[in-house]
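One chain, subunit A, appears in both complexes that follow, with subunit B as partner in the first and subunit C in the second.
Moving on, here comes the complex of A and B:
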């Protein structure tokens, strides 16, 4: 069994938790079996809708957290290289599937804080997705480039989709689930968008078309109707409307930024968290100190909002009223909040060095920020912006709440 | 300037490296592992960017690597780090990469 540590949910004020977590861990290590029994009995009868995972990227561990009181429930170790790790959840919100950089795919039971299953499915991976029926886990791989699909129950292989182009294999990015047991993804080196369709007896791979140079990420929006890939190598973005037959790639925002010189990009932006707010998409510009605003119907650029530095995540609060933005190295100590009606930055603050990710509670009254270099998770009131608590974590990066289980594309 | 530096005798380069304070060296290790790591992987086995392990860099000398660090590679996501690193620091990183990059100490 994987080594695990358990910290009892004490329901204490978060400021006290630093000490509680440390002593809890030490106690768990000393008492061994006894504490793991406590873990199971303490967790056996609770819901999972307020649970989540925090990736501790440098130590190959994850924290199981709950956001009702704001506490750490357990730490699970031995998950390998978790730089750029992400997670998806089973539809019952009991299991998390963690995608590691080293090709590791780990299924975690959030209730018992145990590793149910762990495989190394490739040499180098960049995230994954779960199918709409919850039965398939797809992983996008850099090495060997392609997508591998596994049974969510057993993690046994279901399909291997090499991303071959001109004889080579392309790295795959922007893998998302789409309605109808499908996955969409972009080929970084090949500059194409593909779809893997698992609705029939045998999986079908569709090369939808050329996307443009170096797609770096993709997302699904408008309830699963459109897929958009961001491009690093040229201006504009690639869009697939899944309601149109036959499927094709359209280029949008082609003229944006023409002739302007881009700044060096020290961290690739992410498209996850893009939300249509007030009929508009808010998303990070590449190589510019701007958040872009695009009309959700015409896909035309309607505004550019000047921000602190180059945005990485541009995440809308679940009600869409505000958008929270973090930034690339070396300006990643800052967070800004944009009012989507005024389309202006209304608040700026500095939580500490290397704010890597932000996650809202399901209805958006709180937001959790990972502050990597401070070894801390900060919890803020998402309406007043005030910090209301903090939790200790080792070099935290991604924060993933189980609410994602019921969202298309997450 | 780079060529001139490359032509310096080994002792002079060693001396130049010696001027980096332990704190700065620690900061550089953190930068490479964490921030370069966002593309090259924290273990430097590669990601969107190429792997940076000694065996991957064997056919390039440290001076060339330092130049890539400072100037980036046009038309790829590798950015120039000149605004954040001195030539001495880039060379220090390049040499450490070639011999096996140090791990972060807590």
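Moving on, here comes the complex of A and C:
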């Protein structure tokens, strides 16, 4: 039923190694206002393992930060619309690739604090990913619906994958990298999960199968084994086990999404808000004030933890001992901490208005919170929970540490 | 029975923040033959996320390598006896701390390719660890038996923990870091597991409990939750669940170690040879040609996989899809790859004589093998298994990539 189909998409450019090939729809290349000079003399002599990026959504700028002492190293301006921006990092942790809502793709050198390259690659982008070998950047687009792939070194276009289905071109969501130079993504309008495989001489695009109605986001989990897509048009989630041949889509969590009333899609919990701890998934319920717990072997729901309000992000400390939870407006001034063994809230505090994002240091000794309306980043000890520092920022949203360079799916 | 005891060890120096306090046995401080000048102008402008160290055991030297292109950046000489050397990294991935058998502790700047600091801290050292916040380096010693802790910035002594028991001072083994600025270790002669907690104003040393006869090594697993110690004097393993209060030692794998004949302790499989994949532990059998599989929830043995010879290292690809196995002399020319789902060997190859160590790149697209007697490092594609490169090295043994900076226990 869900057989693996080989689909050679219109306009896929296979010239991976042959330099800058272009598709029918050439990516518009534009350097932004930000400086892109390379100046070796301005290169910081420092490691990159303790660096990070903070998105300043209101001003189209980003901060380069370091989390050893906890300080701001630089601000870079001119990055356009960063309202739902995300970032990935090069494998050496030196470069950040920032994906902006306006289609902007910006490569930032964290050591020189400069924009190395910037292009505007589509009308309306959602997110992006970097391949496991660090050589390809993929970006998913609403309009035109599809995935564009770029050389990570130069940002030159490498492939263009239109998400074509019988109804036209579908919005693409849930784009992640997968082991073996592959990308997974979901087609919102078509209700399908696809895979793009760049491991061979020519890229292959594979339709894994139908996911359900309106997959609105996706994540990869368990180190790169499991792809999960959320469904807006029906209850339940779609799951692909990448270790199972042939690849197929299964349905899990059949009741996930059933609420007293239907949420609009932009209020559906995004799958970046899911986390793993102690072999389980902890994630936001839909339209309920609960954090749900799913067993990572059976994929069955095993618990529901009452929390303060509608959860947005559930983030596990790296060892998995606790998960930290933030909430949707109007309760976004609150953070709660859940004990993963007891499966209940053990601490509640209110950093300030609009706590948008939380990011743990690599070994989990500290966690950074963006407190947007206070124009502040708060730094907490992740063991005692006490606040140990703060940094000024302009309406900060996403916080991304370079450790993500080393993790599939981030 | 196994109550938590608070032991204030003789000679523990609590002056963590008060500068360079010394104990009764002052650490001998000696800079090695290698240069330790700091020269900002010689600092490489590069990320540190793709760097690594290769131990050249026969010549007391190390190579600084990068795994993006796969090349050697520098060689550093004069590091003494590196026959069982190990390394940990600073949280920014800039510095390596190399622990040598002769008690040498060397801090290497990977960007300037220089020795920043070197001390000889005991008669006979085994291994070391770095605290989760990156501020403390702990070293475990045979003679005199105990743990010494140093400031990671300066290598000045911070604490001295003699492993004192009724019989004198015990050899210390299995030293690892644990979340919350703690270290765990085992006392070989005393048969106990201890913890040193540096999270408060003064260090606390806690005797968790008896482990069994002659714990010879230890590891920390599941992101920092589980400590396992191997026992030389009896069958089975000792386990501590760090999330369980009060801390206690349990026995698991009661038949582990039962072989037709008893192996000498130096032939017992060291716990660095254990790995985790798909929620299970894969590890060498004792005196049998098998890789054993233990369920990571129940800690029960679930499978035995026949392999070529006595396994030494079992290393999982980061996504856990396969584990790679090397073997003890005289079969150390062979490597086998096990499919984690099928739980059987799917590939066997012979890189050359004395394949001592294997290290995966952070996202697992490649793996590096040290082939000591061929004076070579082989680089393989971890998906196709084919060899894709090689580098010359002098009798290489351990390979350590900087991604370890981001992981508890490494």
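Of note:
The definition used in the following text is that the second predicted complex is superposed on the first by the 349 of 410 C-alpha atoms of A that agree within 3 Å, B and C clash if a C-alpha of one lies under 4 Å from a C-alpha of the other, contacts with A are read in each partner's own complex, and residues count from 1 in each chain.
Just so we're on the same page, contacts are C-beta pairs under 8 Å (C-beta built on N, C-alpha and C of every residue); 3 or more make two chains touch, one makes a residue touch a chain.
Predicted model only: the values in this text are computed from it and were never measured.
In the superposition on chain A, A:124 makes contact with subunit B only, while subunit C stays out of contact range. In the superposed model, more residues of subunit A are touched by C than by the other of subunit B and subunit C. Of the two partner chains placed by the overlay, neither subunit B nor subunit C lies in contact with A:348. In the overlay built on the shared chain, the residue A:362 is in contact with subunit C alone; subunit B does not reach it.
In the superposition on chain A, contact of A:402 is made with subunit C only, not with subunit B. By the touch criterion stated above, A:102 is placed in contact with subunit B alone, subunit C being left untouched.
Of the two partner chains placed around the shared chain by superposition, subunit C is the only one that A:383 touches, whereas subunit B remains out of contact.
Interface residues of subunit B facing subunit A in the complex, by the touch rule stated above, are 30, 33-35, 37-39, 41-43, 45-48, 72, 75, 77, 79-81, 83-84, 104. Subunit C meets subunit A in the complex at residues 40, 43, 45-51, 66, 68, 89-95, 110-112, 132-134, 179-181, 199, 222-225, 243, 278-279, 296-297, 317-321, 340-341, 361-366, 383, 402-403, 405-408. If you check the complex, the residues on subunit A that touch subunit B are 57-58, 81, 83-84, 101-102, 123-124, 126, 142-143, 171, 173, 188, 214, 216, 232-233, 264-268, 329-330, 354, 372-373, 395.
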